[in-house]
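After this come two complexes, each holding chain A, first together with chain B and then together with chain C.
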Partner chain A sequence: MDITAPTIILTLVWGVAIGCIYILLATGLNIIFGVMKLVNFAHGQLLMIGAFLTWSISVSLGLNAYAAIVVSMVVVAALGVAVERLTFRRVLGTDKLNEIFVSLGLIYIFENAAMLLWGTGSKQITSPFYGSSLSLPGISITYDRIVAVFVVIAALVAFGLLLKKTKIGLAMQATSQVSSAAMLMGINVEKIYMFTFALGAALAALAGGLYGVIFSFDFQVGAMPTIIAFAIIILGGLGSIKGAIVGGLLYGIAEQLATLFLGGIWGSAVAFALLIVVLIIKPTGLFGQKGE
Partner chain B sequence: MQRKLLAIIVVVIIVVAAVAAIELTPKTPSTPSADARNIVIGLVAPLSTSIGQDMSDAAQLAAKEINDAGGIYVKDWNTNVNVSIVNVNTIDDAPSNAKTPVVQAVESEHVDMLIGGYGSAGTLANEVVAIDDKVPYIITGASNQLVTRRGPQGNYGGFGVNGANSITDSEGVSYIFHYCTTTYHYSKTVVDFFATVMKPMVAPDRNFSLAILYRNDAFGQGVDQATKYWIQNESLPITLTERNYDPTTAKTSGYQTDLTAVAASHPDAVFIVDNPDQTPLIIKQGWNEVGLKSVYIAVENNQDPTFYNLLGSTGDGQLLESKMDPFMTPSYSQVVQTYVENFNKTYPHVMPGMMGADTYDAFYIAKDAITRAGTVNKTEVRDAIENTNMNQMLIQTKTGKIQFSTGINYHEIDPVTFIEQLKWDSTNSHLTSQIVWSPSGSTNLKQANFTLPTGYQPAQ
Partner chain C sequence: MQTKQAITAFLHSKGFQLLLVTFAVLAVLPIFITDSFFLYILTLIFVFAIYAASWNFLANSGQGSLGHALFLGIGGFSSAIVGGRITTALIGAMGVTRMPIGALSVLIQVLVLLVGGLVSAGIGLLIGLACVRLKTWYLAMVTFGFSVIASTLSSQFDSFTNGINGFAPATFVPGGYPFYILVIAFAAASVAAMYLIMKSRMGLAFRAIHGNEAEAKMIGINTAKYKLIAFVISTFFAGIAGGLYAFFTRFIDNSIFSPANSFLPLIMSVIGGLGTVAGPVIGAIFFISIQQIFALPSVVNYLQTSLGSVFPGVNNVGPPISYLIIGVILLLIVIFTPKGLIALFRRFYSYITAKPQPKEIKTK
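Then we have the complex of A and B:
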């Protein structure tokens, strides 16, 4: 096998592209944890629903796949509101086990609902850029991967601005620090929780739409990305958005480079080994702080 | 005197007529045995997958046809009985999920027979239950040859008595029947095609460069081993590059990096070993993203609607090894055409796949065996299946007969396999197929010559 510079560059591109999707998922998971202190194991299932909705909207309405993703984000955000109000709100602040079991139960509910609605077969969202690539010397990258990277960058910038420049973003930050103090300052914490969950769900739907354009998916697609997203936020530091970004990129690149040099069966093993090494050296993760 | 003789003749005629009438009058059936009950067949399938659903649909169709035609006559019970199906859901066919449902079917549901089994890893795990409990099991998927050769009669699949999957219970293994192509059958078809047909076109003066990219599980490993075996055993002018991947990781993160490594080996063709939900993605990522403009070949488990739907136009010119194609119009086989029509009447808007076809046939094999055995006694049914000599059904065999013991001690059929080339029908926006090669000695099914896909780039 000839490992040339273009091969390595291409592998890094694959790592960044897949890492970007993980970042979106991890960021959504992270803000929900950061603000609500809630560990949602069913977050990957929101990605799955986002992918299916994008596919359905795209097929049934003939909408451009990327426009369909936006519609899907709105629908999944509304679903997130319903989930937060009907399930998590009832158990939030009680025993952590209650929250965990609610989220585990939601995995089965979402997966079975998806199986009933969309069947057991795999699907892939047809992109308007299908089959088109950007050709550079020695390498060629599909436009869908490039679009995915830029969409993720745009989403993260928008998310950063929302957090720092808007009233609701500041309220989210305040709630994430000490919710009782935020409440005393007049912040409607329940509304913030609802908004946070909807935002996290919308990011998961965005990740699902982008994922479904690049990969095929079925009703069980959410499980592994959830595990990876958890690994990424632990690697980057619980509650840290910067950590999720760096962790996602590190994970994606480590996985793809290990696949190239050691073989496909080593991708996840090396990526998780990296996670363990980071935790040994810095138990709070790369950008985590004590007490989080 | 004459009157007396006449009277005697009349009496004799009356007696003979009476006896004949008694003999010819339909007898009132004697009472069916109180033991009579439905025959319970466990359908072993990953029901949460599209292939599992296809197997289930085909099984239900076969059972309905059998029951509508009067069921199965069981001599011991002196009556016809219906077939009932117990779903044995192996979830995703992971070994950890595939065994327990079979234990439940055998020990709680008391199934008379098992039919199905898709994934090799899961089936190797769950067939142990049938082996231990001596339950006839007609395996209609799971192409790893070990499923029937892991016992003494198969020389432990060549791995010796202490092999990881070896089983010493010769009697138990005799309850296992493989109504499916094995990895050895179709890997031979694949390498013979490349050596015979494609090598002269692209590599007349050098070895043909074949890359095999396979999922690292019992299925993928089985195909890889068989491919290497045939290249070596037949001294084929093929240089093989092997690469595998973890199916769980790759399903989530993609195949692009493995394909990039495959491209670096400059293959003339790429042999993909995965399931219909992933194989199209691998081919699309290879062709569209990595720029590996090669000939890709998939094996017959991909003869499924999911494969055709997901692959789309990228499939134009690519290859599929098969033993039964329900998607070809007009069909190469009237029997297959009729099956597709009947399937569509029962399940409108659902296309049947090949795995379901194996399962469908297996129900008729079960019916034939139980009828001949005249009992549901498992040992006698096992013996009856072993002596099956039915006409071929949806799966064509080299002898035209369904036979499980053709000069071998383990139970495998000898199916006809062939290579199809896919064509994109841009008018109707779907993939079609044509048979471009079938091995010598088989029925000549060839419909067209193989041509290199548009855009094919030869190895450099």
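Then we have the complex of A and C:
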């Protein structure tokens, strides 16, 4: 491919679009970490389930893909509540490593259940904008990518408002600061945990739906995005929402630029090299606080 | 002197005798059960037991790696490539068409495996230097990142590694029982070596760092140095396991660097019992057995006829069902007996040998 100005702009746009999906996933992971001090490595598998559910709903009910995403968000949120109650709650407060082990168990369960239910082939969700794109001089961008960017911005704004303006959002913030003090103030911390996990799962399902519209996916799609979302959070600093957004965009653009200049196999390698360099220079991430 | 004393004490200890008996029994077992599939499973189990034990060793020094497949892969690739070069040179020098199997080839096999371990340890030293300041999630992410980068580099320099299409390493020790004995010998030596190190003063330092790094530093332990040493030792054994894996399966390609391979030693160690000597071995036995039982033709046929129509999208329902079961068992173990199967065995053992006692004193 010729490397011209339009190609670079297109690459940047793609980087922003894929970065947005990573940001959604990273925000979900981050809010769960912030409130519960828990890292769910199986978060990307919720994205995968979200994508498959969206596909199933839009195919079997003939629903608009974007409406199907909303339905799958609700279902995955319920799944998130079940996961939190049945597994993570039981190891909360024990050794940190136990959370990684629970996540690995969940990854095995989700991936293989999805493989049994939906098969090994790859699928793609057909959206109403399928095949149409916005043509500008020199470049054309599919509408689905543009929609994805705006949906993510809207979701993040709504998320910010929820956190700052609503009672439950304030309760989440209080719990994330000192959960025992929040408990003393009459906040039902267990309910907050449940709500937080459901919210994170719903964001993952949204990311999955958008991913499934833009790219084709199979039952293994969740593994890399989890690690990437986690890398983004670490890049931006654990617990920092601003960091997640900056980290997500940086990662998406770095990945796409590396793919353009060095070839497809270099995409994740360069992005991880960036992460490693950042962490070696500053072991707590770009916006991270000291401690933990 | 101290090391000498430690080794003497170890040779007389009950644990060593148990280890010796276990491995001796395992070494002669295939003489009585002459099923080739059984031998295959046993060999695979002990290759992965070394790998899981190497991860567990690193975890004992307070460092959780999420990219150990990197060292499995480096060990596998370097020993297979070096083995290939040696074979070509020897065949040329001796004027024969293929490598003669004998004492020389066995010696070469051992040396080549050690080369794999050393190369892996060398890379481990470099990566360990980068990781020494990092903790928990950060360390996990960086080690994972290195395994992704290694996979890419292996594809980039394909003319050297042949990692994209993969290749078969040369044969030095014939497959089947001879190779099994080689694996058993390596497994016994590796497990014993790691056990000895954990029992030594160095091991004490590792455990102190694992307990509380700041306190370990305060009492005068050079934590950076010891963490680095643990990294090098662990990656050495992971490299050995990688070499054995490549020579045993007679194939190696870039998929050895996959995240799934990085997760394996964690899962095996947890199922067996984290931080114990026998834990990773028990975990490997458990994991590989379940995985391979569901690969048995009779089991696959049965499942396919009874469940195949329910799950039409899958060609073979065996593997996903086996991993589903492993996932559920992993969850149950983490939630109900976080110290693994070994803790269950111990509880069972003390239950059947229990004498009436006044009241059990609770220890943490």
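Things worth noting here:
Just so it is clear, the second predicted complex is superposed on the first by the 289 of 292 C-alpha atoms of A that agree within 3 Å, B and C clash if a C-alpha of one lies under 4 Å from a C-alpha of the other, contacts with A are read in each partner's own complex, and residues count from 1 in each chain.
The working rule: a contact is a pair of C-beta atoms (placed from the backbone, for glycine too) under 8 Å apart; a residue touches a chain by one contact, two chains touch by 3 or more.
What you are looking at is a predicted structure, and each value in this text was computed from that prediction instead of being measured.
In the model built by aligning both structures on chain A, chain B clashes with chain C. In the superposed model, A:Leu97 lies in contact with chain C only, and not with chain B.
Of the two partner chains, chain B is the only one touched by A:Ser122; chain C is not. In the superposed model, A:Gln256 makes contact with chain B only, not with chain C.
In the superposed model, A:Trp14 makes contact with chain B only, not with chain C.
When the two structures are aligned on the shared chain, A:Gln173 is found in touch with neither chain B nor chain C.
In the superposition on chain A, A:Asn64 makes contact with neither chain B nor chain C. Judged by the document's definition of touching, chain A residues 115, 119-121, 265, 268 lie at the interface with chain B and also at the interface with chain C. Interface of chain A with chain C (complex): residues 39, 87, 90-91, 94-98, 100-102, 104-109, 111-113, 115-121, 223, 227, 230-231, 234, 238, 265-266, 268-269, 272-273, 275-276, 279-280, 283-285, 292. Touching chain A in their complex are the following residues of chain C: 59, 64, 130, 133-138, 140-142, 144-146, 148-149, 151-153, 155-156, 259, 263, 266-267, 270, 274, 311-315, 317, 319-321, 323-324, 326-328, 330-331, 334-335, 338. Chain contact summary for the complex, chain B toward chain A: residues 48-50, 52-53, 92, 216, 241, 243-246, 248-258, 260-261, 264-265, 276-278, 280-281, 288-291, 305-306, 309-310, 312-314. By the touch rule above, chain A contacts chain B in their complex via residues 1-4, 7, 10-11, 14, 18, 115, 119-124, 126, 130-131, 133, 140-142, 145, 214-216, 218-221, 224-225, 228, 252, 255-256, 259-260, 263-265, 267-268.
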